[in-house]
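So, here come the structures, one by one.
Note that subunit A is present in both complexes that follow, paired respectively with subunit B and with subunit C.
This part shows the complex of A and B:
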């Protein structure tokens, strides 16, 4: 009989104590990896928690000793007795709540609430944002709590599972719900910081949001209507195109299917603005097409591209591949044997398509439409570049923060409206359609040839897809060529000037000098994208595993919470982060950490979906076989699931890496002089009219991302599954980069 | 009670509103192979998973050996399980699969290798040790899964419908191998199946379950020849259940009126009055003359199956299903025929 494996209680206690007495309690201005804080307990800024309490007058930290010390009583004893479980729960919960409570009550200004100051008098010392020490201590308390819950018998007493759930819940609460919640309070605040509910109502009913002036001959409609109209048009356009592409690829003998399929990777590797830039190069005032028609017919093209139609065109170009990807799955999910059954019952091809295939695709079509709708709502780059006087919510939020008006309250209000729209669409998708997607595809036992399309439909599909594909190809080649000409539309002589400006390397007195102006943002981007990809994949896959393999109370809420950030537009996250994380207890604006956190929690749903898709293909009996052969849950995850989930890991890693590299909407609020990213650099170039260098930089990013994807493929390797290969779920797009 | 390996005491398992296993008690003797048999949804798999520790009971106690394991998860129980889907780890070789349980228990590498090879030898697959599971046939995969479980020398070996994914011929062979191995190594095994022929063939004892409760526990022969109730009679083999009248009881014997005849049968606790009689298809003898036989009937359907003939016969007692070994004389549909009861395969049952 094997001994019951002892719990990791000692480990968590040790971590808690290390955090409390060895590592600086507060955030370090030079980062935790600068060793200046080592053993420097005498300094206010670098002292760990215990020393802060004893030496620096922060006596309120002292009570934390109790919940950290009490669980030591259980070391070396059974922890699954009710008394032990209760002790762990109480210590964990008290420690956690006390840590959080003191963080919110005592801030950088002394007392966090005026009431407290009135009661207790002014406070001599203040607090900074929490640092490594406080985080470790907090983590230890959370895990003590989880151990207690597990010892009570929750989830079959599995400590690993309970600990994982606790950790993910707290992370999601801290980095999604807390900041988004702060937007709400932000919108309720007046200019002086006080509560102003009337101002909230006034802001909400603002004519600039809901006005219908354009219908009655006025100059413009409210920004909310603009956004909705655009999203509906984009959703319709991308869904139709996506369906046409999917039909051509899966149901016809079209010769260049592989080339068409390659389109699906484009939205993943395309930096924002690229599509808009290409459209300007083609249809702008000095664009190729505009000039061609100007010469031919003597008409001035004008500025029609800057407005609704330009943004719509750019969005349809950008998001059609996403709809394409969704629709491939949908069309392939229609069982060929159903179509064969229809034909043997004497239906013609056309009747089969309209009465069997199309109705079966309906949920998928609606799903693709909603995806396009959400993407369009959340899109920031295209409306910023091409919008002109046509404003949408995401750009208005941006201008409310950075523009001359600087009105965070209005930004928060706009963010709430935008969030409400996307959440409604997301909710509709989840409730009504989301689940139907998985049931359509069964892995086995469905032989039969897909029925060819009716001839008129086939030719319609060709007529739509071929020109569109050519158009897309032309655009991307414009980007590649555009970087090599002096000034597009005026001076087409060849030059490497743009590349030299951005990525020049010169020989200096002390070796190579990275003199190009883009190097700083480029290396920062690569580094941050890489660092954020790993936790994204790990947290995402862990969540997927919890969702598919474990049963626990509140699972539906857990699932919704973890998938929610998929529906939160990047601009909203950006505004939420600067509002929430500018002051203690979490004070991280201007750091690289805030960028990493933003990426991790924005891209997490992708990891979750990739994981769920892969786990659905792994029989649950594999886990059970491992458990009944005496492996612990942790061993099962490490030895069985992790190796088998490599493709999902790859998908999550690659996706979160490239989407971090191409993100703009959230991070534009979060970048700082020290941590500038590629996309914000490009945006600045675009705003300055330096298209050449913007295009050159974009081409470099595209190439880098292609290379990175290839390298990831090699490093992660193929699964050793012999012939039983399961397809890795391919890319997912998040809302609004 | 040292020879009892698994004991369930009043075990109930509920999933929300649904009760999958209701107040089930039984004991399994060391070295026995016990089958949990029943239709799908009867609770047999949940029972097995509670032995494994993959589900924990809602109430009641579970003992394995001397220990109360009621709240112990699978990892900490001395069991091993063979799954319907084989559940071989696709990224590990055959040898790595078999050595997995030893590896996670922290045994030295050398021991893992030796014992895994011994176990593979037991199932005759040692030559395939470096293959991946996907390169094996279904039967080979299931033998590997058996080896992977046996290598741990568990107190209880669990089988969850291990043969359902195999074709009919292979199924018989693998089941014989499993039985032979279990007896040779003296292992205690619990085996879930819905196939009554499989259960009869390999079990020391059978636990028949229906609707979350135990319908009957007994040796194969006992279940077939003395089913406790109508459900067991019908589920184990085929049975015609007809309504009869017990005219009198005398000691252990009841006089039963069946059609025109009176038969003396063990009364099995039933008193005079209406009763049910389970008659096996081979328990009815076809007589030439309809008028002299116990029951008169008319052939409704006749199917030739090579080794025997199957008849559906319309009688005053209802339609009877009869098998007849005499394939040289096949009665035609529409013929009148007399039926007598044989010496075997006729028993009174509770409803």
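This part shows the complex of A and C:
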């Protein structure tokens, strides 16, 4: 589509000037809604950029006037000439680079680098982290740059597309690559901050990471081996269970199929420790089941559950739903006519299953295994509660940071090892299955009936599935029940005390007093989960649209970059964020926005995947019809595609929300006094032994999540197609909690 | 520019402005890092807020973790005051210049040991409570196994208690570091580490927080928990089958401390809080939330259930030495290498 002669140049210039001259340049401690900042140019904390430069001695901000003013020469003139394009590119690029550069070079301690201090002498004035004003100006510069590139003819001169790509690239670079890069350099740093490459080697070859002593009966094994073994075991366990469940639900005449489906989905919306806690209450040293068997058979179980097996059990319980969701799609997609063909050739049911059905399910099995593997690697809550002395990488990283030894270099090293493992698994997953759609659903009707399973297999499946389902059901009833008893295991009298302690509301002198201890974290978590779900879905879907509908250079790299955060475990992101964002230019630790950003960029890939899956089903002729009617790209996206992408939107929103509500590994580093989250609060209660309140709180969270998901479904609504029903996007996955 | 686009622009700007406002929304009038038990933290916060009207944002983390956080944030401090937690990390923080000296008007109302803490750190920290180290055991489990109740440190390394003892990890817990330092002072460094290695054979888990061992013992997940005696008393008073033991050979004690963080954003409020929690009436209320430490204000009422310092065999704990950062780092590293990495 040819470039229009004029574009929204005026708009972006206006935004840039507003950011520079009206809105406080630096981050506000009172928030922008406190009107004190308006025209309060005399206060150096609230003055906008220009006033900072003129009135408060921050002269380094003055040069920004040039790139902001120069493009106004183009207002009212043609913007598609090469000269105009060059001007825009130069102004945009210079503006962005200078804006960011001065943020790094001058920090809250004066010069950001000692070299500069040596050259120029100490700086009298400091500066803080970027705030609203600086963000707007930066955005404006970026968009000017994008306009320039579009004017040069990139992507057919489509300004909206170029702008979107630029924005997403910058966001991903700033909030994924930058922090992770800082971690990598952190591993190379010595304790004083200087570069120490030898230390990197020393840290890497640490026996605590790679020791193989346990195989020879000596000291414990290195933590990397522990993590790997656990991940392999969990992958195997979840895949097996997922397959068994999928077979039972689709291929047998099991009576309670819907209940089974609901049961398997429940662990997804469960806060992370609930499962571990329930396991302790059942199988712990004084657990119900342990005591039962102790009385029956005189065996003292002791603390058998703490350690590898306990964590494995908790992880399999928690991650089977994901394997199940993958396997269901796979098992249903095996074409029945192929199986029928096999049977007409006189193969027995067993032969049919092993030679026809199972090979067709292999990609799904591999996918499920890898997902379980990645989730286990990234898991933090279960090993912390049930691990005993069994250490895994995520808990080691945690102790390296928060323990008294406080060794961020070591934490960075461990993070790199963990990241390497998950990236390898992620890469393997992409290689094997990434681009393939392995549904067997094609345009031709496949009206065959799925072959019933061979009987021994059917009974094996029942034998695996039914006890597991019963176990899960028992656990969840215990969780519900546990919130209402005084002390589980000792005093089973009914009480509402735990709910009152957590969510009590009393009548104070001036109205209602929220006296429960859980209200603070509860409201914060809900608010943050909501606020982060929306940008996650929007950015994810926008990226999906760019990937499926647009052609541009570097698309493969772009795709890789956006999906990368999938593979990064939560602890790594948490550590990366506190290392990268504790000092200016982006100074956001201890705030709510760091939590929101962590959630948005971790969960974005799900929106991308869901969007890609949905868009692949929408014919491009719809877009073309819209464009022929001279709608702009933005209008096409907004009016044609968005309404058709409701399932993807819903999937992205629901996943982001649930993930934010149940996240623990990243946020344990990011919570602060002002922003406490439900999961960290529950963890503290579990560690303090206050199981009653932990369970009560978790039950409330589960109910709330169910309600919110229902609300999302109501608000987004169903999309109304002429003929086919909406196919739910597959690939429900995430890189751990 | 069409009407629709302009509306979109307005929306976008509003979104950006809102995002900008989320950066550090609302002034926190006091940011408190709290290390004792959660209930006590909540009580103090509520009392302070209702009396002064200053709103408090509180994080509860164990003393080792809080020290690590303050150290990590040293470049750009976010907390204002660190209240509670065992004294050694406070002394280390003072030595490293992370905290600020302050001479409170309440100083002369305090016990001598609290003032000693103040002087040992050149005014950067002060004692707010004292607690004796010890352990607690689950009477039901001991009876079930037909064992003799432990009464001394030496009993804990007996083979019959294999896999029955729990202690915190000295890296993250001030309680466990105090235990480590106590053994070193009681037995000498070499023998102390021999003892710890022997104890390791009986330990089933090194927990993250200092009081977790006794809550586990209370619920029967372990038999013995090495903790401060007041934590064991809390469980006993709550109705669990716990017996509190003051070991016969002698035991160390902690001086729970409080420090003002250097570079705090609300230094005035921090000092108000500092003086507030040293008051006798505030300290006397600790008992209501199950905190049985011995308060530092001479006029405060020590709870009757608290361990009686006069009758306990206390060693002469050298806070200055064992609160210094190099001794601490050396001992922790030695523990990591010689004890923490041993097989289970």
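Some observations on this one:
Here is the rule we go by: the second predicted complex is superposed on the first by the 709 of 737 C-alpha atoms of A that agree within 3 Å, B and C clash if a C-alpha of one lies under 4 Å from a C-alpha of the other, contacts with A are read in each partner's own complex, and residues count from 1 in each chain.
Rule of thumb we're sticking to: contacts are C-beta pairs under 8 Å (C-beta built on N, C-alpha and C of every residue); 3 or more make two chains touch, one makes a residue touch a chain.
If you're wondering where the values come from, they're calculated on a predicted model, not measured in any experiment.
Bringing the complexes onto one copy of subunit A puts subunit B beside subunit C with no clash. Taking Cα centres throughout, subunit A sits at the apex of an angle toward subunit B and subunit C that amounts to 180 degrees, reported as a multiple of 10.
Using the contact criterion defined above for the overlaid structures, shared-chain residue A:702 touches neither subunit B nor subunit C, since it reaches no partner. Contacts of A:631 after superposition on the shared chain: subunit B is touched, whereas subunit C is not. Of the two partner chains placed around the shared chain by superposition, subunit B is the only one that A:153 touches, whereas subunit C remains out of contact. Of the two partner chains, neither subunit B nor subunit C is touched by A:174.
Touch criterion met: A:129 reaches subunit C, while subunit B stays clear of it. By the document's definition of touching, of the two partners only subunit C reaches A:590; subunit B does not.
Once chain A of one complex is fitted onto chain A of the other, the partner contacts of A:676 are limited to subunit C, with no touch recorded for subunit B.
Annotation for subunit A, partner touching more residues between subunit B and subunit C: C. Following the chain A superposition, subunit B and subunit C show a smallest Cα-Cα distance of 9 angstrom. Contacts of subunit A with subunit B, set against its contacts with subunit C after fitting on chain A, share not one residue.
Across the interface of their complex, subunit A is touched by residues 1, 5, 9, 13, 16-28, 31-33, 37-38, 42, 57-61, 64-65, 67-69, 71-73, 75-76, 78-79, 89, 163, 169-172, 177, 204-209, 211-212, 215-216, 218-222, 240, 265, 328-329, 332-333, 336, 341-344 of subunit C. Interface of subunit B with subunit A (complex): residues 52-54, 56, 65, 67, 71-81, 83-85, 87-91, 100-101, 103-105, 132-135, 145, 148-149, 152, 158.
Subunit A makes touch with subunit C in their complex at residues 8, 10-11, 15, 18, 23, 27-33, 108-109, 129, 131-133, 135-136, 139, 208, 213-214, 218-220, 280, 284-286, 302-303, 306, 384, 388-389, 399, 401-406, 408, 487, 489-490, 517, 531, 578, 582-583, 587-593, 596, 634, 671-674, 676, 684-685, 687-689, 691.
Taken in their complex, subunit A has these residues touching subunit B: 1-2, 4-5, 80, 153, 156-158, 619, 621-622, 624-633, 635, 639-640, 643-644, 719-724.
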